[in-house]
Amino acid sequence: SIQDETFGWIPNINAAFVLTDGYFVFIMQLGFAMLTAGSVRAKSAKSVCIKNVMDVMFGGVAYYLLGWAFAYGDKQECDADAVCSSVGNPFIGTEQFAMAGTPSTSFHTFYFQYVFAISTATIVSGAIAERIQFIAYAFYAFFICAWVYPVLSHWCWTASGFASPTRLASLGPLLLGSGVYDTVGSGAVHMMGGVAGLAGAWVAGPRLGRFNPTTGKPQPIHGHNAVYYTIGYLLLALGFFCFNSGTMAQIIAVDGTSFSGVVARCTISTTMGLCFGGITSVLVYLAYSKYTTGHAVWDLFSAGNGSLMGTIVITSGCATFAPWASAVGGIVGGLMYLPSSLFTLHVMKIDDPVDAFVVHGVGGAAGVIFYALFAEKDLVTELYGLLPDGSQRHWGCFMGDNGTVLAANLIWVLLIAGWTLGMMVPFFYILKLAGLLRLSPQDEEDGPDASHHGGSAYPGLEDAYGDYESSAK
Amino acid sequence: SIQDETFGWIPNINAAFVLTDGYFVFIMQLGFAMLTAGSVRAKSAKSVCIKNVMDVMFGGVAYYLLGWAFAYGDKQECDADAVCSSVGNPFIGTEQFAMAGTPSTSFHTFYFQYVFAISTATIVSGAIAERIQFIAYAFYAFFICAWVYPVLSHWCWTASGFASPTRLASLGPLLLGSGVYDTVGSGAVHMMGGVAGLAGAWVAGPRLGRFNPTTGKPQPIHGHNAVYYTIGYLLLALGFFCFNSGTMAQIIAVDGTSFSGVVARCTISTTMGLCFGGITSVLVYLAYSKYTTGHAVWDLFSAGNGSLMGTIVITSGCATFAPWASAVGGIVGGLMYLPSSLFTLHVMKIDDPVDAFVVHGVGGAAGVIFYALFAEKDLVTELYGLLPDGSQRHWGCFMGDNGTVLAANLIWVLLIAGWTLGMMVPFFYILKLAGLLRLSPQDEEDGPDASHHGGSAYPGLEDAYGDYESSAK
Amino acid sequence: SIQDETFGWIPNINAAFVLTDGYFVFIMQLGFAMLTAGSVRAKSAKSVCIKNVMDVMFGGVAYYLLGWAFAYGDKQECDADAVCSSVGNPFIGTEQFAMAGTPSTSFHTFYFQYVFAISTATIVSGAIAERIQFIAYAFYAFFICAWVYPVLSHWCWTASGFASPTRLASLGPLLLGSGVYDTVGSGAVHMMGGVAGLAGAWVAGPRLGRFNPTTGKPQPIHGHNAVYYTIGYLLLALGFFCFNSGTMAQIIAVDGTSFSGVVARCTISTTMGLCFGGITSVLVYLAYSKYTTGHAVWDLFSAGNGSLMGTIVITSGCATFAPWASAVGGIVGGLMYLPSSLFTLHVMKIDDPVDAFVVHGVGGAAGVIFYALFAEKDLVTELYGLLPDGSQRHWGCFMGDNGTVLAANLIWVLLIAGWTLGMMVPFFYILKLAGLLRLSPQDEEDGPDASHHGGSAYPGLEDAYGDYESSAK
């Protein structure tokens, strides 16, 4: 019938939408590369570049061979009419390794999930820049994209995951009768990546000279190119619009109802998070610099990092927040950035060259919680529908519901922290014991580009940069 | 019915189209940042970066709180069947401040208009680079995005605007029986931004050393990185395809008729403008350099700036020009670039580091007029339909119509100039009187990066750049 | 009827899809520019930039005036019901010069073909960087986009082309009863561009100092910026997703059947090629550097170039390969990169600063052949349908068919090589005889930026770069 025919178009329209947004998310790889390259010293620029180029590749192979299967490879059971549904495991997927049996109608989803997976690996790369052996990088990029991230995403986003709010009733009850709401991955992507970065930075230890050997006080190590940082920030901002809205996965629902309002809401929430986060963070730094040094600085890195942190606070709930709530989320992220950064550096003594743990780890945890506070009832229903039994889903406790989602999402924050630290700390520690984690002091002093990557990223400028980098210490 | 259901899909398809094109327009922020960063001295690179990063933010807050309401916040009156139509004010919108009451079906439009608004702020930033205090920048970015641009766009693009060609008959007659045709914003965006830049550059005065203190003759100040300029140009070119075609706002009309031909025509017109504009301008500079110095130079900046100027000439009429007419428009823009640039610098004594006034201001005015000359009758009807009374709309006077649109669009050019200068000259002047506009001579000499932004964009290369920049004067 | 109306939407949806993918392919211009700029010396950076900026323009004018007509300007014959079909020439198109008579329903196709055309010109630019006069560049960019590439594409991709697998039965038999399968242009775009680059690099000769004048052995000339290279690689990777999938030209077939699975398969194949190609090539270089120098290098350029070569191997067959086959293709490309590069440099004594001939020329030829080995029967049918007489099309000989496609595609490789060399060698030779090809030794020594483009790309850093570049020789 004409109805069947035309309704068959919808999945195609949605696939085009998802692919396009996926390409923009892929651009975030270049964004992270440039943001990190600009934030490190010239002698490490090429090592940052090859790492960010190759996590695209290691991540792709890992997600193809194993990750996709662990995340989405649910066993299906089909009835006589070939209508299938998941009979998957609550903890892990078990089919479709190397995409065996994956139908081409799922290929666009694979691509979108793949670009999400490589984001997590890339977040880590910033936190441990300038001091890690390339081989360690290769191993962890594979490990995260093949195992750590996919399993976590299985838990919260599939029809079988034990923490998923869309878990099939036939497979078990929802966690706390609600499931965790981490719609776009403030937790499963950003907090996970940030915490993994913390694990790496902690196990590897700080760069030589980052802390004064006598006093233990941090000494500044300036990034070598603010323009690269700017390219990085603006490409990440661009990518976030699609990271958030593309996750909606459809522009028209399969039953024909409109979905573009939900999608566009994600874009608007992202805009609010970016704008309010950056301005807030710049003003915080302005006051801080005036107060501590007497000289007020309009700081580019606070603008960029604070803006990204503001965005990550609204990421998970972008589809279920009013614009004003996303503005509040941006402000919260912008306010949190500097104190978290100072605490990580001065108190925790963690050397994280791009503040990846703060922006993604702390910001991501805040994002999971922010959903639980500000998600609106009607918007939750528009996005997720009612529960299978026809009852209303839980929503944000500041918007009139009780604290069920807050409790579930707090559990989720603890689960992410536990799973990520439990996987990554031993992993990095084993690499360290095997002598594969850290550059030798001489190689680090010379820079990884000279020692492992065939020479400086800037032949001809080594002297100018070298003089500066030695004298700076 | 099936008909109603499927027709309900069209707005969703169009929203996806508008969002995607909006993301490409957002990339223009990075384009402007890089084009400007490459065109200034190394000591100002970071100040350019933070300004372009933060007009995304200031503009976002401004457009969210006020701008959208002033531009599109028409009061609506609905009949018994809930069919609504505007009863808005001809001069300004009055509702939806902070998006209060904005339906999610308009969110994608908000986003597209937002990225347009921040383009205007960004154009100005180039014209007044290297000598303005950051605080002045923050104020004007907010002012332009909250007030100057939104009000202007209300006049020409809404159902209630006094100059709009789609003004509702119930709200008053069309200007000159026609309304002004500035479809994509050669005038309301580019000319406005360029003229605002002129106002800023004029009130702030030139950079130290730009004119010889004795002779008054301009002295060259070279941009510090031609590769950044190239990144900027190519990203702006990319963005222009979508700036122009995305403005069409639909790929299928709501009544189901095809609209992709109109959209693709915009893309083709843009291609013509970019290509013919750049080649023409390069050849003009080749002849000029040969004639004035005896040495023929193939000039990158003429290629880029002339190409953008050619594109802006065809921007407003991109949907209503044959490809050959857009090629002519590109050539016109390419021919105008160098003489306009020389006139602005040598005669008007304006120091505009990126020729923003020439490319956007002069090019934008030319674009408003170019529509009035070359718009084709059938294409105007395809885009705008007939007038409410069923009569034919006016079209280009070179294509067989009389000069009605030319008269209306000339009025529009005067209105834009008057409104923009009337708003921005006093605005910049007040900042100047308050001591908030210009950097101190010492801060300017040291560079804004060192004096206000925490240090050079390129730690380690300050000496090499510094020696050059001092000796160059 | 409702059916006619809604089916009329499909071409619009497809046009939006093609335009979006075309914009991403346009980004490849920036990708090539940055990859090449990073791979040459600082004294040539601006010349690379203006060349890549202006082949957008020369190519646009060329393709508008002539190229589109030669490629797709088939004469049409229409019956009484206005149903038209091609009665075109098997060798060349003959209508629609300067887009005269091109309907706006073809404008999006024009745009997509245009961005393909300028890719070919850009490939060549890398191969002959640092030693060619700008005027030679202008001539050849025009020549390739107006003539060489369009004619070749007519042969393989139109309803009338003598080698096309979709040739109308009324216009003649299929080549070997099959036609050549070069779906996305591994051959017609990449091999053609790479071989044209070889022709240019051979006729122009190597850069001064590339080979030791006494021993004839190659001496290293390092690229000046690895970060630019990285920007270039990642933007090319991004563009390749859409280069490959956008060629499918539709997301829903005109008869309403789903096509997004085919499109997404191209994206996945591209992912496989990129990932497996890069990792393989990096490991090959790691072993090679360890074996030849005793020092193992993780090489950024091998990662990028090998990844692109792996992708080009799977380009033509991206829609007809299983993911595992594309992984194999990536590995094949990655294995071929270093040996091909060494052979070209050491044995053929060709100086190709970006290995354009290897990556695109050799990789492209391999891609044409790879289709003939691994294309799957069902996927060929899904993409191309059955033959007009209802019989099955031929497919890959490793997948169960005989060697028909292999024979046809081998002929195609020879035709591309013959046509390209036959056109480009005389073309470059005539330029050489006319004294228009090569820079003078002094101009080359000074660098093209200083001698022809108004000065260094990096005012202030000339001394640092200059000292290095002199001492390096």
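Letters A, B and C mark the chains as written, and numbering starts fresh at 1 in each.
Quick note on the criterion: a contact is a pair of C-beta atoms (placed from the backbone, for glycine too) under 8 Å apart; a residue touches a chain by one contact, two chains touch by 3 or more.
Computed from a predicted model, the values in this text were never measured in an experiment.
*Asks:* Would the interface of chain B with chain C count as same or different, where same needs over half of all numbers used to appear in both copies?
*Replies:* Both copies touch with mostly different residues.
*Asks:* What angle of turn lays chain A on top of chain B when you fit their CA atoms, given in steps of 5 degrees?
*Replies:* Rotation angle between the two copies comes out at 120 degrees.
*Asks:* Compute the distance, rounded to whole Å, between the mean C-alpha positions of chain B and chain C.
*Replies:* Here the centre of chain C sits 34 Å away from the centre of chain B.
*Asks:* Would you please write down the residue numbers of chain B that are in contact with two or more other chains?
*Replies:* 2, 6, 13, 16, 20, 225, 231, 461, 464
*Asks:* Spell out the residues on chain A that touch chain C in their complex, using ranges where they run on.
*Replies:* So the residues of chain A touching chain C come out as 2, 5-6, 8-9, 11-13, 15-16, 19-20, 22-23, 26-27, 29-30, 33-34, 37, 45-46, 49-50, 52-54, 56-61, 64, 98-99, 103-105, 107-108, 110-111, 114, 134, 225, 228, 231, 449, 452-455, 457-461, 463-464.
*Asks:* What does chain A use to touch chain B in their complex?
*Replies:* 2-3, 6, 10, 13, 16-17, 20, 24, 42, 222-227, 229-231, 233-235, 237-238, 241-242, 245, 251-252, 256-265, 267-268, 271-272, 274-276, 278-279, 282, 289, 296-300, 303-304, 307, 323-324, 327, 461, 464-465, 467-469, 472
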